[in-house]
Amino acid sequence: MNCMNIFNNNAFKCIGTGRLELALRKEYIDELKYIQRTIGFSYIRGHGLFSDDVGIYQEREEDGKRIVEYNFNYLDQIMDSFKELNIKPFLELDFMPEKLASGKETVFYWRGNITPPKYEKEWVKLVQVTLEHLLKRYGKAVLEWPVEVWNEPNLVNFWKNADKQEYFKFFEITFNAVKEVNKKFKVGGPAICGVNDKEWLQTFINFCEKEKLDIDFITRHFYTVNVVPTEGHYRYPKLRDLKESLEELETSRKIIDKSRYKNLPMYITEFSTSYSPDAPIHDTVHNAAYVADMLSKLGKTSEMYSYWTFGDVFEENGIPFTNFYGGFGLLARHCICKPTYWTFYFYKQLYKYLVEKTDNWVITKNEDNEYSGVIWNYKNEKEIGKDISILLPQVKGKYSVILKKISEKCGNPLLVWHGLGEPASLTKEEVKLLKDSAVPEITTKVVSDLKNSKIKVCPDSVVYFKMKKIHGSQDTGYSYSKLI
Amino acid sequence: MNCMNIFNNNAFKCIGTGRLELALRKEYIDELKYIQRTIGFSYIRGHGLFSDDVGIYQEREEDGKRIVEYNFNYLDQIMDSFKELNIKPFLELDFMPEKLASGKETVFYWRGNITPPKYEKEWVKLVQVTLEHLLKRYGKAVLEWPVEVWNEPNLVNFWKNADKQEYFKFFEITFNAVKEVNKKFKVGGPAICGVNDKEWLQTFINFCEKEKLDIDFITRHFYTVNVVPTEGHYRYPKLRDLKESLEELETSRKIIDKSRYKNLPMYITEFSTSYSPDAPIHDTVHNAAYVADMLSKLGKTSEMYSYWTFGDVFEENGIPFTNFYGGFGLLARHCICKPTYWTFYFYKQLYKYLVEKTDNWVITKNEDNEYSGVIWNYKNEKEIGKDISILLPQVKGKYSVILKKISEKCGNPLLVWHGLGEPASLTKEEVKLLKDSAVPEITTKVVSDLKNSKIKVCPDSVVYFKMKKIHGSQDTGYSYSKLI
Amino acid sequence: MNCMNIFNNNAFKCIGTGRLELALRKEYIDELKYIQRTIGFSYIRGHGLFSDDVGIYQEREEDGKRIVEYNFNYLDQIMDSFKELNIKPFLELDFMPEKLASGKETVFYWRGNITPPKYEKEWVKLVQVTLEHLLKRYGKAVLEWPVEVWNEPNLVNFWKNADKQEYFKFFEITFNAVKEVNKKFKVGGPAICGVNDKEWLQTFINFCEKEKLDIDFITRHFYTVNVVPTEGHYRYPKLRDLKESLEELETSRKIIDKSRYKNLPMYITEFSTSYSPDAPIHDTVHNAAYVADMLSKLGKTSEMYSYWTFGDVFEENGIPFTNFYGGFGLLARHCICKPTYWTFYFYKQLYKYLVEKTDNWVITKNEDNEYSGVIWNYKNEKEIGKDISILLPQVKGKYSVILKKISEKCGNPLLVWHGLGEPASLTKEEVKLLKDSAVPEITTKVVSDLKNSKIKVCPDSVVYFKMKKIHGSQDTGYSYSKLI
Amino acid sequence: MNCMNIFNNNAFKCIGTGRLELALRKEYIDELKYIQRTIGFSYIRGHGLFSDDVGIYQEREEDGKRIVEYNFNYLDQIMDSFKELNIKPFLELDFMPEKLASGKETVFYWRGNITPPKYEKEWVKLVQVTLEHLLKRYGKAVLEWPVEVWNEPNLVNFWKNADKQEYFKFFEITFNAVKEVNKKFKVGGPAICGVNDKEWLQTFINFCEKEKLDIDFITRHFYTVNVVPTEGHYRYPKLRDLKESLEELETSRKIIDKSRYKNLPMYITEFSTSYSPDAPIHDTVHNAAYVADMLSKLGKTSEMYSYWTFGDVFEENGIPFTNFYGGFGLLARHCICKPTYWTFYFYKQLYKYLVEKTDNWVITKNEDNEYSGVIWNYKNEKEIGKDISILLPQVKGKYSVILKKISEKCGNPLLVWHGLGEPASLTKEEVKLLKDSAVPEITTKVVSDLKNSKIKVCPDSVVYFKMKKIHGSQDTGYSYSKLI
């Protein structure tokens, strides 16, 4: 163990969001503000930049002529909000404005048009005018906003017929359009998910090599559940073995590294357990512990991995019926922290240097010999969970050990909501109760010259610990032991 | 048991505060705002209305003449704050402005002058001009602000020589001064504490009867600890038996009821366990449980009982050295809720009708057959504590049972602070940790047709429960049991 | 002149809003909060309660069967916001959910379906389930929310073919559906605008009389401009003579009063100058002065008149291109007060008793002989404007006269925006500048025993004045005249 | 004229404050927050760090022995607030804690003890323990906080007998005490005002040279009025000719530059017009215009000049009687901007490069050929004021010219308050009116290819202008001229 290794803690580079237009909503902004204030991500990525609800592309007829105009009112509102919340857009260029679309096919309840442009030139102009507008309004910082071309074109839901050649052509004209505005823009793709991904990635890279496109990064998605049917409004998938699942990413990495794009960054522009916005597993401690495992391992192959999504303001499958509907978010509606929120929160408190990493914990330290760590434990399908046990770092001198725990019994608002009778619309009082319950259990103690001190961690739980040096002494005459 | 009895829940009529000038402080206002938003009291009572730091009475010389002026700048600031926070002053008329005082004796680190006025007429004018100013600025609502004459004149610390006759005379001129401004003002005294209280109260009442003063209420204080010496900056008194202590109040009540002032309201204008602002017991769960017992019993003799005090912005013994210094407050500095805060919070959630009251719990209900209750359990000196057990009300139909618990292990920031090494000045991070830890443990569950369901409550803890009817049904396809 | 007349100041009973779904937006809520905090209206009325973006009516297929569900998630969010902002909904029942609609016709950019229901029973159930849900969530207060059936059915844009008989039938089943939930609901219609209004109102009343419907109020709209074509994105209509225009309302009043519905309240559920959301006149001082005239006169015939609308978050004609796009709002985007905002603000400061009302001013007073008034002056098409002159009330004693003025030169952010070069998207700095400029000019002076004091008011301006008694005297030694 | 000169705009390096304990007040913090948010200063300097109300030095007796303790509770609160408001303390070491003082002499209503320490060692320890505490709590940033030894020792009010030798000795031990903690601390003095200043400065420098003290900066104060007696609570001094007054500073500069401390920075640690906290001139536009003149000229001799003070929370002469009492502040109570606030605000908006500086204006520009300037005009005693006239910079292309003006008639809350009858305690409504009136008049216009365009500026006024390039064009069909 070399304690001066640096821990690849890339989980905070990007976070997912529901379609961009939702950023006009009050609830969305309240939640993103909470996330940014308490955790803090660098970039945010969502669908629908060019969809009609954002409304950039406008066409009207005057005297029989088609007049195209660009309306940046809502785009500016959205980008202003992001700026104010200190988060930068990871630009995903889609979907097709209705009047510019070559077909009628749409995806989602909110009808994102998934067809190629009717007029290529108009698409190119739309992309360019938009980027130029952003450059004018927000300055050169915009050049640091990555640009990704479309979303999951390997699925028929997202790209008409999942037509590979059509996508490649589209990628190329879009890539060139962006670079024409400014060479410094970083552009990438193909934003595929895990369906037929090897072949897609290989052909995409072949295409780029052939066309000599100097792409800047490769993007793909990562989900880890089996496919299950809907029951009523919900889905109950099971988690796959994480190590097996991660092989997908290693394969992608290898494909890239065998090409001229060797060492190009690979960004996981979406990841979570389930890919469905109606899977209650997202709201559980089980999910939190599994994601803790993911966060310890994803840095191995990927420079960035963007959890899908920060909050539950989301409409892909329609308007949710209840407050805990199995949405993707770290936050449930009303800013209630789900257990997985705490996984991210805990990881954010880790120090720079890696001390130890196992399948159940990560321990880090800072330059002052203070420690922090995350410990997780989740049940496999096959077995009943067991407690795990971890030895705290041995230290000399006086330390305070701070523990924060999330488990079935604490930091689990889903259980509290269940115990309230699963109300669909919450009263103010219920919101307060759920928020008050959605916090880790906290314990502290003073230790001296620590040796052989163990912490037990029960199944389906996540524990954060911190060991902080104690300076100063007790106040004259103060004695806690006289009080108990 | 007649379930339509009303529970005398008088704990929220008034709350104590450090000297009035402290209401100019930011921290004070932040804390009072928190208290009012989350609990809510009707009146607030503190010392020092006429002290020089509030600065109403101003004297200067011009051409050899004494010119008296009145400066309402700070008074208005303080009263404006109270108004904005929806709390009304319970006016306590003291201490003596230095230039109006007949002697040099003072009380407290902040030097409140405790001597009678040098010129009676100037005192009368000061009182009257002040009340008239308040009436002009705040309107007739001011007539609902009770007026109490001085504080604890039965102690030599607070009233020069604890001179009874001098106080009675002072009371009379002050009483008349107030009534002359407006008969509708409610005026009372003698604001004594438990030292020599029987004799003081009896003589005071004799005096008022003789002088035919139509006083509007009687005030006294109530503390329940033994006397102990200081150890360094602190004191560690023990709690007296509550039932024995309460006899003091019953005796007072009887003295009143044997006079012409029969049935006049008795206000406990100060109460707590210890009367010292340096007693760490104030910060404990032990205190919280004992105060829960007090709140169930004080309504028997008293129309109002004002806990001393809402927060720890306080300087009677000097500037506190640490964040948990044994101050009187419900809140420790930085708005950290002490356990006793939760006792008040829980009592505030009780319903109107009394179902059952014992030495360990109060159960109430509302008109919809929903229940709420407070349960407490504290260790006596003589014995090690034991768990107690309470039978929940039997109900038909589907209910959610909500429990909130404060104990040594939860809702106890003092222990967390101790485990941090008792830091004097807190960092932002420590403040957050302490606040996050200062919350009750919350559990909920759904029950149907409840019978024989018991709750166990451990020593030195306070538990709140609520039984709320469940309306509505689960969402299509939702099943919590599929998730665990 | 009888100074104890009460001035019918009904302008604050209701205010219009863009479609209800917009109430999920942050900007909308910020603006409504501003309006409520600074002016304060009792009710709010907008279109689209049943439109698909609010999403109450949900239909899906399961095993070949149509399953109808109701989703109150967004409705609750919207109503919670209104409650928090202390404004109650004036319920307007429309438009038709797509899956319940009998046709494809829509109105507006946002496609409100304007066709009658495919299944009458489902419509009735939708109305009833919704009202029952509201009653359960918000209690009996909901019975005070007026219910209006549809919007402007006399226009083909809003009701398929403007089919009168179809509307009457629809009105009747809806009316009965509401009353079946609770008789105490107040229900009315026909919400017509000024096109063919006499005939529509007369036939509607005949129908209600024949069917013996105990309707609770009559509703209509009121706009006062000529019809003009679009120029680019805008329209530049001219204002009609107000007195002539008001005859429409008097005619309506007479039609009502000749029927069995004599004295039934008439509510103007929409009024403004132009009925187009792209008429820059809405943003001018000219509009403000004309509306001041309206507010002095509308109380004569109508118990309520609801200005259309409070803000510029609005999409009927599409997404606005600039910050001053001629929207209906009292506020331009970014909470910038348009001149007409101040007309409402000034009227809100009027006292209870009417002293004098002319074609150019209203003067009121309170019980303490203090005065407040609004004075307006606007250019007619025919003439260049002239100054007007008004005599202030004669008073004895010392008063402070406070004047606030809006004119071309002050309180006119449109001119400031014009002077900035009419930027489409505002920078933060520009927003601040515009807000800072959007305030009245303020002057004060002290007067004694006022006689023959006149104020001059220039064309296209609105002036508010207040005459307030002065109590108290100058501070010892203070002299303003020594400073200038 | 070389337009690439840089304008010495040093007015924002430091700002004065009432005694440090006042920073515990809510009103103080509200006002400082406003100042920092809207203007922004780097450092803040005030008296009383070691006074008993901050309470660092604590002495008690135990078993007959003197025990010294240090209490950093309030110090930490104050410094935490400054840190949160992004302002750093300029440490002024005074006054003497009562128990450490050698005498009883005090200054101000709040009784700062002005005598040398009883025990030198205890003083040295107090200084060192305090600095070490700050270093521990706030880290190395503390080394950037300048340290100044005492305040105005050349006055008998501030330093017992104004005893020079005593001060020099005190300076030396204090200087050494600070440097012993950390050599990197910057330490300076002698913080003298303009009484007998030449001699004091010369002797101080001689002393430092002789003792070989490597002092880091020289400090002095600067006020520009004649001496006048009090009238009631107020003083009405006249302004001295600024150029003559500035000779004081030039003389100081020369004394320094002739010594071994040549080129050492000279800091004006206090400046204003009047040195009295009861001079209504502070609240006038006259003051604002004169200070504008000062801000253009002080950079010539001084690296820093700290306006005394940011706000009117101040008690040196006692508790103020009214809201406009002639206090030093940029803000009057209730965050009402005085005219001089705008002088600072306008100067803060200046660009980097100096274009032109006269006795009546400063014009600056940025790298994009955009301009901003401040213009002032004030009446001399001798003459009635005259308008002045300034030629705007000639520019090519389309610009927006933005003007903001403060004069007797606009941005002058003192006049509005006078017109309200000079109320002592303001109602909420009056506060709002005064705040609404305390803003500059704003005008904008679009110009093209500007030549020979002049602005007239009336006496006792300050005008800010900005010339900003216009990008973009009008929206399709928009025409302002159709609206007027």
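Note that the chains are named A, B, C and D in the order they appear, and that numbering of residues resets to 1 at the start of each chain.
By our rule, contacts are C-beta pairs under 8 Å (C-beta built on N, C-alpha and C of every residue); 3 or more make two chains touch, one makes a residue touch a chain.
If you're wondering where the values come from, they're calculated on a predicted model, not measured in any experiment.
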Request  = With contacts defined as at the top, give the pair, C-D or A-D, that has more of them.
outcome  = C-D
Message = Distance between subunit B and subunit D based on Cα centroids, please, to the nearest Å.
response = 43
Query = Using the average of all C-alpha atoms in each chain as its centre, how far is it in Å between subunit A and subunit D?
reply = 48
Query = What parts of subunit D, by residue number, touch at least two of the other chains?
reply = 69, 321-322, 424, 476
Request  = Specify the contact topology among the chains shown, as one of line, ring, star, complete or other.
outcome  = complete
Note = Per the touch rule, the subunit A residues reaching subunit D in their complex are 69, 136, 471, 476
Ask   = Across the complex, what residues on subunit A touch subunit B?
value = 230-234, 236, 280-281, 283-284, 286, 321-322, 325, 398, 400-402, 408-410, 414-416, 418-424, 433, 436-437, 439-446, 460, 468, 470, 472, 474-480, 482-484
Key: In the complex with subunit C, residue positions of subunit A that touch it   = 24-29, 55, 58, 69, 71-74, 76-77, 81, 137, 318-322, 424-425
